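Take a look at the structure set out below.
Each chain carries a letter (A, B, C and D) given by its place in the written order, and its residues are counted from 1.
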Amino acid sequence: MEKVIGQAVTRVEDGRLLTGQGKYIDDIGTPANTAHIAILRSTYPHAKIISIDTSEALKLRGVKGIVTGKDILPYVQPFSVGVSAPVKYYPMAIDKVRYVGEPVAVVVAKNRYIAEDALEKIKVVYESLTPIVDIEKSLEEDAPLLHEHIGSNIANHRTFHYGKVDEAFEEADRIVKHKFHFPKYSATPVETYGMIAQYEESSNQYTIHANFHGPFVIQSVMAGALKIPSNRLRIIVPKDIGGSYGIKAGTYPYIVLCAVVSRMVGCPVKWIEDRQEHLSASSSGTDRVTYIEAAVKEDGKVLGLKMKLIDNVGAYIRAPEPACLYRTHANSTGAYDIPNLMIDAYAIMTNKLPTGLIRGYGGQELYFPLERIMQEIAHQLQLDPADVLRRNLIKKEQFPYQTASGGIYDSGDYEKGFELALDMGNYKEIEQKREDARQRGKLFGVGLACIVEPSGSNMGYITIALTPEERASSLPKSGCAEAATISMDPMGCVNVRISTTPSGQGHETVSAQIVSDVLGIPREQINVVAELDTSTSAWSIASGSYSSRFASLGSSAVFYAAHKVRKKLIKIAAYHLQADEDDLTIENGSIVSKKDPSIKYSMKRAAGSAHWNPLSLPDGMEPGIYETYYYTAKVAEPPDENDLVNSSVTYGFVADMVTVEVDPDTGEVQIIDYFTVHDAGKLLNPLIVDGQIYGGLVHGLGGAMYEELAYDEKGQFLTGSFMDYLCPTAPEIPNITIKHIETPSPLTPLGAKGLGEGNTMSAPAVIANAVNDALKPYGVMIDTLPLSPNRIWNLLNQAKEKKGANQV
Amino acid sequence: MNGEGSLTLEAGLQQSWDILLDPNVLQKCIMGCNKLTQVEENKYKAELAIGIAAVKGKYESTIEIADIENLKSYKLIVKGEGGPGNVEATGVIHLEHQDENQTLLSYTYEAEVGGKVAMVGQRMLSGVAKLIIQDFFKKFGKELKNIEKSA
Amino acid sequence: MTVHEVEVKINGKTYKEEVESRMLLSDFLRETCGLTGTHVGCEHGVCGACTVIVNDSAVRSCLMFAVQVDGQEMQTVEGLAQNGQLNSLQKNFVECHGLQCGFCTPGILMSTTDYLKKHSTPCKKDIQDMLSGHLCRCTGYDGIVKAIEKTVEDQKINI
Amino acid sequence: MKPAKFDYYCPKTVDEALTLLEESGFDGKIIAGGQSLVPIMNMRLSTPDCLIDINRLQDLDFIDYEEGLVKIGTLTRQNRVETSDLIRQHIGLLSEAVPFIGHVQTRNRGTIGGSLVHADPTAEIPLALMTMGGSVHIASTDEVRTVNAEDFFVTYLTTDVMPTELLTEIHIPIWEGRVGYSFQEISRRHGDFALVASACQLSVDDQNRISNARLVLGGVESVPLLVTEANELLQGERLTDSLLDKVASIVSKVIEPESDLHASADYRRHLAQSLAKRTLQEAYVKAGR
């Protein structure tokens, strides 16, 4: 049978999704007597709650109950979080609101229409407090405090020194430095959050159906907040999730809220978040201020980096934050060989929506300043930016490469990837294009970026938020375990159960491909079950759909679980055939002798024996065929006492070249071409791979050009609809050309690495580099996003005014 | 949002001042104000229906007159809570004697709008706020004229 | 009047129901008729996930009230495949990887179905313009555009 | 996001609709395509007590040619306007403006009259109506009155149509002679509300001197702004660079744009000048052909 791993096979998921038979959270049906929830939310960024009057609302026909923050206190405690600052984060405001959109009261009613009628009748009296939204101002002495008992707005602060930073800066010919600001933006899956919660008093158990996709470490965070044993919180994830890109990890405060409300009102409850709620109060990426300094030699070689990172985690720090600061810790120096590194990392709180996972998590915040400063180094030294990147790229022979901060890059050929990108974009001919554009009155620019794409997070990396001393006092954390279960029923049919809770990445398809190859069964005959049930599935604290972990970890678990089944089948056959196990293999549904193909035993019969005739099995063998494999990579070790940590398992590579034209009159930017080269190791399904890359790239393009969760200086939220929160649509997409090189990972059994987040990380940087290059004649510096025409026009205008002033 | 403006009132200083502080006149001039009840000195409760065309929200509001400097200036503080969100607006109103029949009124305002209106209506918010405030003074000017006529 | 009788033909089948005036057509389809293939993504007419065909015209079902379709004919994603066979547009979405999570897909299929009926030979730019009324956060639109282009080609061959 | 309760009426004739309007007074609201109204109802920013649905008034769905005039029924869907040969031939500016409105799917439902009465300050159809010098018919149980575009738009989302009235038809004059027009706008994305929009229609004599010009800007005021001063200046002139600069400085002087998230007042002022020049130039070139 033809091998299907690595083939661009079409997806098994598509049939149901194209005919309206998908099973998303809002499609799965509800228990009898389920009521619907609407949430009253704060209209103030920062205020004390003086009183809440629900009496009029309760009078409405169809309203079953209303729950306020104070009401839930007997049933919940604050969510635990991985920092030492004692932040009390509840799923609903208790006595103070800290961001616009924070839940203040929950109405339970017969349907959503009535629930919203009741919202209008609730009267809340607030006493407004001074809000703070600016990252750096939040650190000032007299800044308003969000959490008075903490004494500052700092949730986490750590400083790291790797190598000989001071010496590098002394040795340098030049220090190139700048401050960058990466804005707050989101992912906005077209399906919003949704859940059905039911409390059963007799067993004190909560059962939740939700489009939560992990990390499942948060299951215990939720159980802790609900003050119940973790096996009394059963979370069931439906077969289909309508996109997430990380954001749906943030469903968990609402899961706890709905759970408690179900208990208090005494009926199952359903909540489907609406779009305004999603934009204002779900979760978002983290906005960051970065001060970056590079110590460079005249030839462009970077000797060392200093970075001060200030992450704005919003009104409350909540799991998995401050992970945005640390997810990319091991790859802080990107694709470059920079042995000396200093990082001063802060997570601070302001009156904005709390943050969480989002595609690229930490990568875009890191690479925007890093890749911008690489270009700036070239500008200041009057070198070709391509040459500066070449000078600093890690060389092929350096792999596995240990980074300054403890990362172990498993494999790669960065120079080859980068040169391929330059060839694709015809970099040598770029000056001609610049001239052509000039003739048409346009400014042409080219941007380059090289980034490392981490995947498969090490569960230990987040503990780097604590000092080595603080870490020493608790259980060390490591690994990145993922589980898969494969069973063969009495008729020899295969079910595969995965715990990677996909939201469109095609895990069912790729799992079927892998199992097909290992067991020699046509993939169409394999049933893959992607629903996850924390009470019955095999899962780990690392399970879930984040950090591109399927290709590196999920697929490995499936691969090894399939091998366990294979081994058992061969064992059974060997016993019955009285043959040597090593001589047997699987071919076309049979277990066959390699030496003499006439000796064979059908797989169906082997499976049948295991179920129908267990007494015929070899001594000591368990009946049935139901094999689970937990896979973890050995390289995911806990951080050491010097704060060295390998924060991810595999590290892919992305090289981008982008060309743009800017209209100097209106400031409009047109992206002409986007060339991108990926090395994600062995590709499991190229069709799905390219789909992931296009999606991730366009999300990155959105961050570069359009998307921002905007607040005014008083903390009012301004982008509460899709008319103001601008997602890229089809006409905004430039020509995109993708090419691959495949340097297999030595760490994973299939040689695959994660992918799909790389261009989300690189696009903001490379597009900004291209636009900055176009505006080079004006001497402007792009240091924030998105690149709206107004922003570009302002920069051009300021430059013209400056020029004018200089001439005078 | 903030802004400023000025207009010439066709009345003397004293008369302008008296009328500016008259709650009946306030009620007539504030857009969508159906009822104004005094709760304490210089503090009123009102139900306001503010908005434009079909986009209107009802707000339960307090209107407060503060920092009174007789015949010179005062501060008007309007706070409202309603379905579409909350409004907090502060206006400082100055009067300046021109001649017996003319008084120069100048004002500055700061308005904060929160909740749904700000979240989805930011595109027109500052324009509409300006409009509502201009409407207030326009009506006020008219009121003065009417009183003049009837006097 | 706040409650109304509605009789509407959807995918060839007649539904007779009683609805409140304010019930959105999208909720009516999903909750009253059980046609959950039509998805709801923004309820303010931007994302396009809820797009259905009403009287030969692709429209947002979140921007109509159920009471407004009384006596009309509709088509939803459930009506595209015939006898269990995907139609050529659906097949091309499979071939070209035009969907990932699949949530925005039904709306896009309905828009495209209506559009291709009225425009037999759209160019890539036309297709992109038509798609501007839909948000897809998974695919970057590449697979979607290719699937529609391929369907246009297939139709040319069939003519 | 679910709308508040309302009573719904679906009149079968214009007279019935007008009677219903009169009976409901300030509490009634007409729904045509609903593409602007329903979003704000779903957000509960608009909570009419009574909705009068005019979608069954087929008499109001028409595009007719009359001597020197194109008449369009208020219920005519925007996509029909967009694809109408009659409109393209006689009042082409409208054909050029409509594709900028939202998206195919919203134009399938959205109506020409609905867009006019909604009167968004950046909307395309109001801008086009003003540029071409059109007028509208407004009916009530008492009378049908005609209002010129100049008098129709009052302020943000507000027109001269009273709560008991119904806009029934739109009349757009067909300009005589050598006519050129242009419609341009700058928006963040395809189909978004314009940051600034500009429309220009003009006619020239056989010497290429401008005999009549109407330049209108959107997004810079609460209503579409007819730049009268510029139009007067252009009268009898050939378009030159210095004339364009003069128009731009007039534009800058007469507008008072607001700032929002997507564009500052200064940027809007700049765009207004640029777009005024661009549309004027394009219209002039087209007229001269």
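Basically, a residue touches a chain if its C-beta (ideal position, glycine included) is under 8 Å from a C-beta of that chain, and two chains touch if they have at least 3 such contacts.
Worth saying up front: this structure is predicted, and the values here are computed from it rather than measured.
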item	value
Chains touching both chain B and chain C	A, D
Chain B and chain D: spacing of chain centres that average the CA atoms, whole Å	32
Centre-of-Cα separation between chain D and chain A, whole angstrom	44
Computed distance of Cα centres, chain D from chain C, in Å	29
Sequence positions of chain A contacting 2 or more other chains	113, 120, 274-276, 718-719, 721, 723-724, 729, 731
Residue numbers of chain D (touch at least two other chains)	1-5, 39, 43-44, 189-191, 193, 261-262
Interface hub residues of chain B, defined as touching at least two other chains	83, 116, 120, 122-123
Every chain pair in contact, whichever chains are involved	A-B, A-C, A-D, B-D, C-D
Complex contact set, residues of chain B against chain D	51-57, 83-84, 116-117, 120-128, 130-131
Contacting residues of chain D [partner chain A, same complex]	1-5, 39, 43-44, 186, 188-193, 195, 261-264, 267, 270-271, 274
Touching residues (chain side chain C, partner chain D) in the complex	1-2, 4, 20-22, 24, 27, 43-45, 48, 51, 57-60, 62-65, 67-68, 70, 111, 114-115, 129-130, 132-133
Parts of chain B lying in touch with chain A, wherever the complex brings them together	60, 81, 83, 85-86, 88, 112-116, 118-120, 122-123
Chain B contact footprint on chain A (complex, rising order)	43-45, 100, 119-120, 123-126, 128, 276, 279-280, 712, 714, 716-721, 723-724
